[in-house]
Every structure is written in structure tokens, then in C-alpha cells.
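One structure, pasted below without further comment.
Lettered A, B, C, D, E and F in written order, each chain numbered from 1.
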Amino acid sequence: MKLVTAIIQPHRLDSVRQALTDIGINGLTITEVRGYGRQKGHTEIYRGAEYTISFTPKLKIEVALADDRVDDAISAITQAARTGKVGDGKIFVFELLAAQRVRTGETGDDAL
Amino acid sequence: MKLVTAIIQPHRLDSVRQALTDIGINGLTITEVRGYGRQKGHTEIYRGAEYTISFTPKLKIEVALADDRVDDAISAITQAARTGKVGDGKIFVFELLAAQRVRTGETGDDAL
Amino acid sequence: MKLVTAIIQPHRLDSVRQALTDIGINGLTITEVRGYGRQKGHTEIYRGAEYTISFTPKLKIEVALADDRVDDAISAITQAARTGKVGDGKIFVFELLAAQRVRTGETGDDAL
Amino acid sequence: MINAADTAWMLTSTALVLLMTLPALGLFYGGLVQAKNILSVLVQCTAVAAMCSILWFAFGYSLSYSGDGDWLGDGAAFFLGNLARDTVRPGTHIPESVYVMFQMTFAVITPALIIGAYVERIRFAAVLLISALWLLIVYAPVAHWVWGGGWLAKMGVMDFAGGIVVHVTAGVSALVIAWMIAPRHEFPHGIRPPHAPWMVMVGASLLWVGWFGFNAGSAVSSGADAGMAMLATHLSAASATLAWMAIEWIKFGKPSLVGAVTGTIAGLATITPAAGVAGPLGAVLLGVAAGCVCYVAVWAVKRVMRVDDALDVLGVHGVGGAMGTMLLPFVSLAGAGGGHLNHAVGPQLQAQAIAVLAVALFSAIATFVITKLADRLVGLRVNLEHETQGLDFATHGETGYHVNR
Amino acid sequence: MINAADTAWMLTSTALVLLMTLPALGLFYGGLVQAKNILSVLVQCTAVAAMCSILWFAFGYSLSYSGDGDWLGDGAAFFLGNLARDTVRPGTHIPESVYVMFQMTFAVITPALIIGAYVERIRFAAVLLISALWLLIVYAPVAHWVWGGGWLAKMGVMDFAGGIVVHVTAGVSALVIAWMIAPRHEFPHGIRPPHAPWMVMVGASLLWVGWFGFNAGSAVSSGADAGMAMLATHLSAASATLAWMAIEWIKFGKPSLVGAVTGTIAGLATITPAAGVAGPLGAVLLGVAAGCVCYVAVWAVKRVMRVDDALDVLGVHGVGGAMGTMLLPFVSLAGAGGGHLNHAVGPQLQAQAIAVLAVALFSAIATFVITKLADRLVGLRVNLEHETQGLDFATHGETGYHVNR
Amino acid sequence: MINAADTAWMLTSTALVLLMTLPALGLFYGGLVQAKNILSVLVQCTAVAAMCSILWFAFGYSLSYSGDGDWLGDGAAFFLGNLARDTVRPGTHIPESVYVMFQMTFAVITPALIIGAYVERIRFAAVLLISALWLLIVYAPVAHWVWGGGWLAKMGVMDFAGGIVVHVTAGVSALVIAWMIAPRHEFPHGIRPPHAPWMVMVGASLLWVGWFGFNAGSAVSSGADAGMAMLATHLSAASATLAWMAIEWIKFGKPSLVGAVTGTIAGLATITPAAGVAGPLGAVLLGVAAGCVCYVAVWAVKRVMRVDDALDVLGVHGVGGAMGTMLLPFVSLAGAGGGHLNHAVGPQLQAQAIAVLAVALFSAIATFVITKLADRLVGLRVNLEHETQGLDFATHGETGYHVNR
């Protein structure tokens, strides 16, 4: 099994979730994160003083899935998340040694 | 070393932490996450209009530990987190290549 | 590629980011987390009643990088994050099987 | 001659009505939008309040309350150029400065009410342009017709505190703008829930309190009329709140906070025109009607008309104000404590109906023209990217909540 | 005959006292609970306010203020059926409509105070049922006894603004309900801290301001009595705030915001009965006593009695109100500016004591019966799952904070 | 002899001015700081308000308003020992109790304004010590000079509601303290943005409403003067809001909420001394000046003087108050409705200038001494660790937002 992690623009969430469910992936976990990269954050001005906000709000999507689903997942996410602007985010893939469903104790692919 | 990650129902946090300390695991990191899976979220109604909240609040617990503690940890978490309802969550296990304690620079198991 | 994850004291964020950019690492993702470990949290008192807050606010920093940058990154983070107090945090290293930039579809080191 | 007691109450009422716009309406509306647009709503309320105050001083007051033409006031009071310190407002016992100021708070909140129609997608320049033109072209004349001795006043139309002048004008115009600016891009299914229901309740509560100044202050004196107006206002708000809660409880099994306080506002808007003639019982009954009818109206605008009047200005204010204006003749007869009508029930009802229809029609047409103009001159909508990003940062360069380290 | 100046002040006071319930008390209580229950507290305040207003109009006012029976008013004013627009309230110079309305705000806040006892675990239906019965069975009679010419009034008992009628009744009843509904399941050790201390402070501040209407308005006239009552009220609040802060600073080294404003409310509740007879010095001293005694009382209820009176209604309001009522005879003697007692100190003290005990006892018994009844009819508690999930969603279907994208 | 109508308005005004400190100023300042310091700001406002009320009762009122010495009042009214229930304040028609209370709210907000200078880094003990000494050593004498019959009053200096007594004293002293306590450690580049702009707006709105009591209440009567003062106050606030917004819009393309409401406060502070002589047109013009000049002043203090007057007390209040005081003679001539000066324009201007300079100088020196003393006795700053951690937990043991499960 693998864990596919994607950092995306927050407003792409709905389409990404849609894209994943379309290819039959029905479980995921999201986390509010803030990112820093080529997209350099922004500045806000209060009472004439500049404040630099170096981090941009992003969403992290984590999907655990069977090895053979990884490529579909990646391309689904990429298409759904892409806006073409700097800051669209990244996708990372990790090896998942084991998975277990708390409710039933099922393990492996059945747990997903 | 391994990293055990558990997605649980927020209100189970205290019992899970207790269960882990009971088996001598005294370090962990938690993150507010939102989840999507068989448990399909809920709807809220304002002024007669329905709003679908597809994601449910969950907590992610991350515990880094020595290989030989993994099974105990998993079973401790499973028992403490289980309510038997859809949405109880998942446990994932990852390989942890290296660990270091910032304060002392200790590495490996000593860092945990 | 590797993913270096660091749990740090929130107020060290700016110096850690600085330290990383100094060694040419220009991308990272941070997450608000809460931690539990040797540092045992704190108590707050309201109307004479004690409330235990077992978890301390921390920040999780995630940096994906090429294998040869890992050691520099770790030492940069350690130095920048260290205050010498209990609760300074941990650094964890994971294997990163694949990475892809959403915007361009670039993969591997080019995606970082 | 100035009566210090009347003046004391009117000074207080003025403060209470200002409270309704700043911050009450801001909180009520701000809590209903998404977190990324909270500040934009508050800027809009603040800017509209400030701008309309200056316009009122410059032209509005004179156009509404100077001279007794049928259609419009004259220019004698432009820039309040003829306002001596101790002039007494004719027909009252308070200084004209207080009357100007009290009426100014009405001129401020009415365009501010319309904000609810176009939040989360409008250009800030359009907000200012539309509000400015609307104040002078719609509000000022209608205020003159009904309260300034114009043709409706001469017809004996009764509108104690603004069911027609404030709520019908604002409600109808809100619908027109909402329809012309088109729905938010997620409408109707992707709309996010109110980001802070607690804030909605705080705003509604302050509106409730402020409405005591709005309605009881409209007696322009301290005494029995103000007292009964306050009592009627409160009872209508209370029964409308209960009515709306009851409906939700029955329909969904869950009476919501947002629903309850929406009922409150419906009850307040509905009693507004009738606060001068309603006794306690009449007020309670009118409140029940307000809760039920406005509940349906809100639903109808969204689902049947499919117009994205985002915060239900027509459904709550327009419909409530119109209903109160129409039912006023009957309400005055319900139980003890009612006031006198200008005509017998039949003719009064007819006058009320004419007024509602005429004002609704006029508001709709004038607002249509104003909005078209604004569209030409500055454009109505922000682009999709800004709408997605949220107006707080896109338009005002700020972030609503910086709770993170 | 109506005095416009007295009326002006009473209209203002009425607005101020409504502000105390909506939104002040809602914010004060709402900030003290967990984030998942904030909305439920606000719905409870809103619904209780609306419902008790209607009940006051229908029965309460008449039972409290119509007729001069020893035990209860008569039915002559049911549904305010006999309220003409310009009736003057006997013994005052204000329209009866204003008197009804002013007293209504008291009838609204008193049951609302009790909410603090049972938050985070009660069924919404129980809130409504208990509050409704309580208003008519406990509040109305006691108001009649003390303020409506009943047996305590005839005995010369002094309670200027509600130390007995409002705070003792609410405090004692709160304890009874808290005890009967049983503690929240995490009580005492798992309870989470107040989710928004800033909100608690805002609520307390608005309560402070509103209390000026509550106490100075209880003079039912504009003049020296109202003036001295306001001064005394403010000074007591100030010194109680400092006292509570001092205690925390000494005990824990950290004076907290929640502590300071809790002291404020204690000082306000304590001066309430004595605001008509206290001079500045007496008020300051009474405030210090309030801060110290209520601090201990809050602790005692939680730790010694182990009752989960969640937001300390007895400790702050009950104890404060009772203390002020008992110390009133002495306070009136402290320094300049004090007012007259009905009797010499000794007999006055005796009358005060009888009143406090009788009312406390009556409230306890009646509330016990009411709560038992409510338990039978609708059940008191939500189930554990709903309690864990939070009442906002479980009962009202809403979420307090939607700050996330 | 007591005039009940004047009293009614003054009772109301007192409530409005208290509202300005609690919670308005707390929200205005609290929203501007970081989330980790929100509670500390609110504790500071609460504690300063409570403590200064008691000090005012004990010494302040007597030192300011008892006796007619050139430099300072006498001790005749210490502890209000000579205040009978029905004493009338000489020169007014209200009870002295009301006058004491009204002035107390001024004595409370003035030291509270200074809080804006030293937030996010000061020791709580220093806040209390500095505020206490400052009230007695700076505020009380200056109030006596200008309002208590002191040398400036005798010179015919005009300061209707506190441009000199409140805003110049607070502004100048704020700068001195900010400079002595040194900047926050991230100043100027690491400073975080306001954590809750919405809260800033709510605070500003309540300040706007409360200011009606502050300025119109300073007429100490209900009538034409109060009426014109309220109108002038509102118009100045409105035009200053628009001016500040316009500047930001032109300079940055994004008119911000924080900017708009900062303009509001600038307009209110600036009209304060002139509210008694300004007609509508004069008020509008003065407001425009306020918006523009204070915008520059705020920038100059931060960037040119490089002093970390964190929330811009000097730039907004000090500069605004001084400007209004100096422009007052001209403003009184602009358009209809202006009031009379004590002297011809020239001499009046001279008197105003002398007053501003003398008071600014005196405030600066006295505050320097007070702050040095406080540094010796309790220390001014928390240590870096506590500053980083945030004062909410470090000093008060609380957390501002517990929204998480």
C-alpha cells in the first residue's frame, strides 16, 4: 500500500475530492497547512505599515491506497488541482507498511 | 523505528493518550484534521437551505516508536479509539529512517 | 528523495525557515499541531478551578528534499530550533518514493 | 419651543439607531457570510454609513424634509446651510439638529440593509456608487412622500417608523440588485454555511435593542406613544422569534440559532410601520404572522425565484415591512392600547396598498437604472478569482482571522 | 400624570436591561462554555427571552403587579387587556406601558440567569418548560410579594432592584436544577476551560453598562435617586473587580480576565438590592465584600457541595444578592449619601432575613417540583453521545465556528 | 435645582461613556494585537477602569472639581465625604452624584487610552502603578485647569469634551511611555498584523456610538447644545472615515477596514474639543483634516520617530485632539450652527495654543517621572520569553481561543 499526499490550493478541494471519488477512491483525510515555496506569500498593510505573511494557506490531502491505484490517483489529483499558477502544490508518495481499520480491526487493503 | 499514525474520533483523544501512556509510550503529536470516508459527513440547515458539510472533524495522532512497540501501540490505540460506529478511523504504519531530538541531538530510539 | 519532518516550538518558525533558505532550501509546508512528551503541558485556573491542558502548541515542518541535502537540513533545523528547553521537539526522516509538481507535472527532484 | 425631555429621549434614540448599523447590522450580516468575506461586509457597512451621512448632510435631508412639495423637498437645507443652533423642528419639540441627526441614522441604515443582497461578490466601488445614488434617487423622495409631507402623506398613508420608507424600499431594491449582479458562483448548492452563527445572534440582539430607538424614537417625543411603541416592538419581535423556531423545530426537529434570530428581525421589520397604532395583543399577533410569512418568503426567493438575495433582504425586510403596512389597519383594532387610524379601516387599507405598490414599483425601476449605470461605470462584480479568494484580501488586503502563531 | 423626563429615562433603562440578556448574558455565558456548546447557550438565552416576554404579557405582569393581594396579583391585566395607551402606572409618573416593558426585561433576565446552571447537557425542551413554569410559579409570586404590594412589601422589606426577587430566586433555583440534572459527564476533572475568555469579558462589560438601567432605572424616575443608584452600582462593581483580582493574584500569582469580570458581576449582583440606600462609601465596601465572599462561595459549591452549577449562578448571583440584601441596613449608614430604611436597623435586618429565607425556601421547593415535572414530561438531559458531540449540532444542527475553508 | 430631563440625558450619557471603555476600547485595542495578547489587553482595560473609578471616588474628583484654586482642587470631596443624595452640581441642573459619575467615566477612559502604547510587552503591575499615579498626577490637575476653574479655564481656553484634557494628555504620555519601555522585540519588521480586524471594527463602532454620550453629554444638559454637538460629532467621524479610506485607496488600491475605522476614531478625537462650537459644515471639514493629518502622524511616529507606540495613541488621539483644539476658533466660523468663542479668533487661538503646549509639556515631564518610578519599583517589561509566549498565558494564565476539541 501507499500513502499519496497532496498539497493543494484550498479552493480546489471540492474538485479534487470529486476526481478521486470518480475513480472510486472514497476515503481521504485533509489538513489545513500553510506553505512556502516559489509562491512567496503576500503582504498586508495596516495603518500604513507593511506586514509580510510568508506562508500561504494550503490544504494537505492524504489518501492511503493499494499500490495499483497510485498512478490513477496522482493523475486525478493533478488534473483536478491544477490552476496553472505558481502555488498549485505538490504530490508526494510514501510506502505504507500497514493499515488497520479501528472499527473492525480489518488490516491491509481491506482497511482502506 | 516506525511512525504509527492514527486517525480517530476527536472525543477519543484522552482515552487513547491514556492507553498509550499505560504501555509506556509518552510522546505523541496530534493534528486537527477533517476526514471523508464511509461516514459521509452531515448537512446543516440555515433559513431553510441545506448545506452539506462533507468532512467530519477527526484527530490525527502520530507516534514514533521502536519497531518492537508497534503491535502494542496499534492494539492499545484500536481498543481505546473504538466506538463501533462508522468513522472510528484508521491506523497507518510507516518506516522511520531516522529520528533526532532537537534539544540534545540524540538520535535513533533515544530521541523518542 | 526524503521527507524531513520537524516538530518545533512555534516561535522558532521564522529562524528555522531562515536557516533552511540559507542553505538553499526554498520549499516547506507547516502544520499547527499539538504535542505531548516530557514537556507535560500546563494548567489554567478559572474561578478557582484547575484545568489541565495536556497538549502544547507546536509546529510541524515538512521538507521534501534530495537525499544529499538531508544532513544539512537536519543540522540547520536543529540549530535554528534549539532553545535548550524541554519541548524543543524532534526531527523525523522518511523515504519519499515519488514527488510531482502539480502545476507542471515535473517529477522527482525537479518537483521540489 | 424645545422640550428637554423629548430631546433627551431623541438623543438616546439616535444613538440606538446608529448602533443598529454600527456594529449591529455588520455583525448580523458578517456572521452569515464566509470567513473570507467577513471584513468586506464590515467595510461596506462602515463606508456606506459614513458616505450616506455626508450625503444626508449635503442633500438628502433637504430633499426629504425641507419644503412641502408633493414629490420632493427643496434645496433650502442643502449642506444644512440654514440650520441655526436652536431652530426647533416644526411639528416637534426638539431642536432641528436632533431631528436631522435622528433621520440621518435612518438614511444610513436603509442603504446598508441592501448590502445583504450582493455580499461576497460585488465590487467595492459599485457598493459606494449604488448606495450614493440610491440614497438620493430612491430613499430621499420616498421619505418625502411618506414623512416629509409628500403625496402619500397627504393621502393619509401611515408608516410609523419605516415599513414602507425603509423596509419596502430596501427589500425590493435588494432583489433587483441581487438579480442583476447574478448569484455567487457556488449558488445554490455550493454555498457555505454562515461562518459565525454566534456573531449573527449578537448582531440580531443589538438590532433588537437598537430598534427600541428606531420605533419608540419615531414618536419624536417621550411619553405614552413612545412607550406603547416600544412595548409593541418588543412583543412582535418575541412572538416572531418563537414562530420561526416552532416552524424549524417541527420541520427539521432542530430549532436553530440563525433561524430564531432571523425570526426576531422579521418581527421587528413587520411591526415597524404599525408600532404607532398596535396595542400589545395586536403586536403579538403581527409577530406570529411575521415569523410564518417571512419564513416562506425567504424560502420562495431562494428556491422558487432562484435569486441569490444572499442574506434574504427581500424575504425578511421587504416582505415584513409590506405585510406590517398592509395589516396595520386591522392590528390597530386588536385588543386594548391600539392607536387611531387616519381613515376608516377600508380607506386606510386602500391608502396603505397604494403606497406599498407605488413605492415598490418606483424602487424597482429606479434601482434597475442605478444598477445598470453602476455596471457601466465601475462594473458590478469582482472576477471569479477574487470571489474565490474572498473579498477580504482581494478587495481590502486584510485577513479576518489571524489566530495562528 | 406622565412626566416626560422620567419616561425618557425609563425608556432608556428598558433598552439597557434588554441589552443585559441579549446579547450580554449570552456572551458572558457563551464564552464560558466549550466551543461545541456556544450556540446552544445563545439559543437558550434568545428563546427564554422571547418566551418569557410573551408569558409576561399574557399572565406574568398581572400576577405580579395587578391587585394588592398578599400572595399573588389578580387576573385583571391578563393579556394586558386593560392597558389603555395613556394609563399612568399608579405610584409613578410614567405610562403603564413603559412600566410593563421595564418589568418585562426583569422577567426575561431572571430565568435566563438560571441557564448558567445546566448548560452543556440539558434538553432544549426542558429549558423552555422549566423557564416557563418557573416564571409563573416562582418569579411572578415573589415579584408580587416584594414589589407588587405583597406580604414582604407590607413587612417593609427593601429590595431596590432585585437582590431577592432576581438573584436569590435565580441562584437558589439554579443550584436545585444543577443538582437534579447531575453534573456534566467530565465533571469535575475533565471539564474544559472557557472557550473564549474574551467573549466573557465583552458580556460582562455590557452587563455592567446595562446594570445602570437595571439599578438606576429601578428608581422609576430621573433624578437624585437614580443618580446615586448609578454611582453606587458602578463603585461596587469596580471594587469587587479589584477584590477578586487581588485574591487571584495573591493565591496564584496570575490575576485572570475571567476572574476579574466574575468579580464585576458579583459586585453588581450584591449592590442590586442596596442601590437605593447605599452611598458611595457603602457601595465600595459592599463591593469588596462581594468580591471576597462570592469567590469563596463559587469554590465551595464546586468543591465542597460538589454540585455542577456550571457557570456559578448560586455562587455569584445567589450569594451576592442575599449578602447585599442582608448588609443593606448597615450599608445605608456608611458615609454620606445613604438613603432611608423603612425601619430601624435591627427590625429592618430582621425583615430582610425573613425575606431571604422565605424566598430561598420557596424557590427551592417550587423549582424542585417544576424540575421533577419537566423530567417526567420531556426529560432533563441529552444522551451522552449528544453531550459529547456538543449541543450546537446535536440539538440545533449548527456549528459555532466555520473558520476553515 | 434638579432638571429631570437634563438628568435623564446625563444618566444615559454616562452609560454611553462607560461603554466606550468596557468593552469598546477593549475590542478596538484587543483586535489590533496578536491573538496571544488579546486577553491581556482586556484585563488591562478592566483593571484600569475599576482602579481609576475607586481612585476617582477617593481623590480624583475632589482634586479636579472641588474648590477653585488655579492649580489643583482641594480635599473637601475626598471619598465623596460631602456628597448628599440631592446636592446639585453648581452651574448645572443635575445631581452632583450624576456629575461625579459622568466625570468618572472620563477619568476611566483617559488612562485606558494609553494602554495602546505599551501593549504586548508591559508588566501588569506597571500598568496599574503607572495608571494610578498618572490619574492623580496628570489627569486630575489638567482636568482642574481646564474644566475645574483652574488657570486655563480662567484664561478662557475652550475644550468642550476633552481634546486637551483627554486626548492631548493621553497621546503625549503614550509616546513617552512607549519610548521609555522600548519597542516590542519584533519591532518594526517582525510585528504581526492585527489578529482580528473584525473586532477592531466592532470596538470602533461602539466607540462611535459611545462618543455621542462623551461629546453631547458634555453639554451637561438636554437641548440644542447637546443636539448640535452630537450632529457635529457624527459628521466629523463620517468625513474622517471617508478621508482615511480615500488615502488608502489611492495609495495602495485597497481601502482597508482597519484603516477606515482608524479614520473614524481620528475624526471623533479631533471634533471632541470643538463639538461645542462646530456647526455641521465645520465638523465635516474638521473631519477631513483629521483623516489626512492623523494618517500622516501615525506614519511619522512609526517610521520617522521609530517609537513603538503600538496602537498609535499619539498619532490618532494626541494629534487629533491637539488639532481640534487649535482649529476650533476657525471651525466655529464655518457655515451655520456654529457656537460662540470666549474671545475673538486671534486671542482665542493664542489661548488654545498655550493650553496645548503647556498641557503637552506637563504631561510629558510628569509621565516621564512616573514611568521611571514604575521602572524602579516594579519594572516595566516582561522578559523576552514571556513576551514571545504572549501575556495572556504568561501574565494572566489564560488562553484567548480554545476552539479546538
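One rule holds for everything that comes next: a residue touches a chain if its C-beta (ideal position, glycine included) is under 8 Å from a C-beta of that chain, and two chains touch if they have at least 3 such contacts.
Fair warning: this is a prediction, and the values are worked out from it, not measured in the lab.
Listed by label, the chains touching subunit C and subunit D alike are A, B, E, F.
Path length between subunit A and subunit C in the touching-chain graph (shortest route): 1.
Homomeric contact subunit A/subunit B is classed as different-residue, with under half of its interface positions used by both copies.
For the pairs B-C and A-F, the larger set of C-beta contacts lies at B-C. Taking each chain's centre as the mean of its C-alpha atoms, subunit C lies 45 Å from subunit F.
Distance between subunit E and subunit F, defined via averaged C-alpha coordinates, is recorded as 33 Å. As a whole-number value, the distance joining the C-alpha centres of subunit B and subunit F reads 51 Å. In subunit D, the residues that touch at least two other chains are 3-5, 8-9, 12, 192-194, 252, 254, 256, 258, 397-399, 401, 403-405.
For subunit A, residues that reach two or more other chains under the stated contact definition are 11, 31-32, 34, 44-46, 53, 94-95.
Taken together, the subunit D residues at the contact with subunit B in this complex read 188, 191-194, 248, 252, 254, 256, 258-259, 262, 295, 298-299, 302, 312. Residue ranges on subunit B touching subunit A, taken from their complex, read 2, 6-8, 31-38, 54-55, 58, 60, 74, 77-78, 81-95. Of all residues in subunit B, only 44-49, 51, 53 touch subunit D in the complex they form.
Per the touch definition, subunit D reaches subunit A in the complex via residues 190, 388-389, 393, 397-399, 404. Across the complex, subunit E meets subunit F through its residues 3-6, 8-9, 12, 16, 34-36, 192-198, 201-202, 205-206, 208-209, 212-213, 216, 221-228, 230-231, 234-235, 237-239, 241-242, 245, 252, 254-258, 260-261, 264, 279-281, 284, 335-339, 401, 403.
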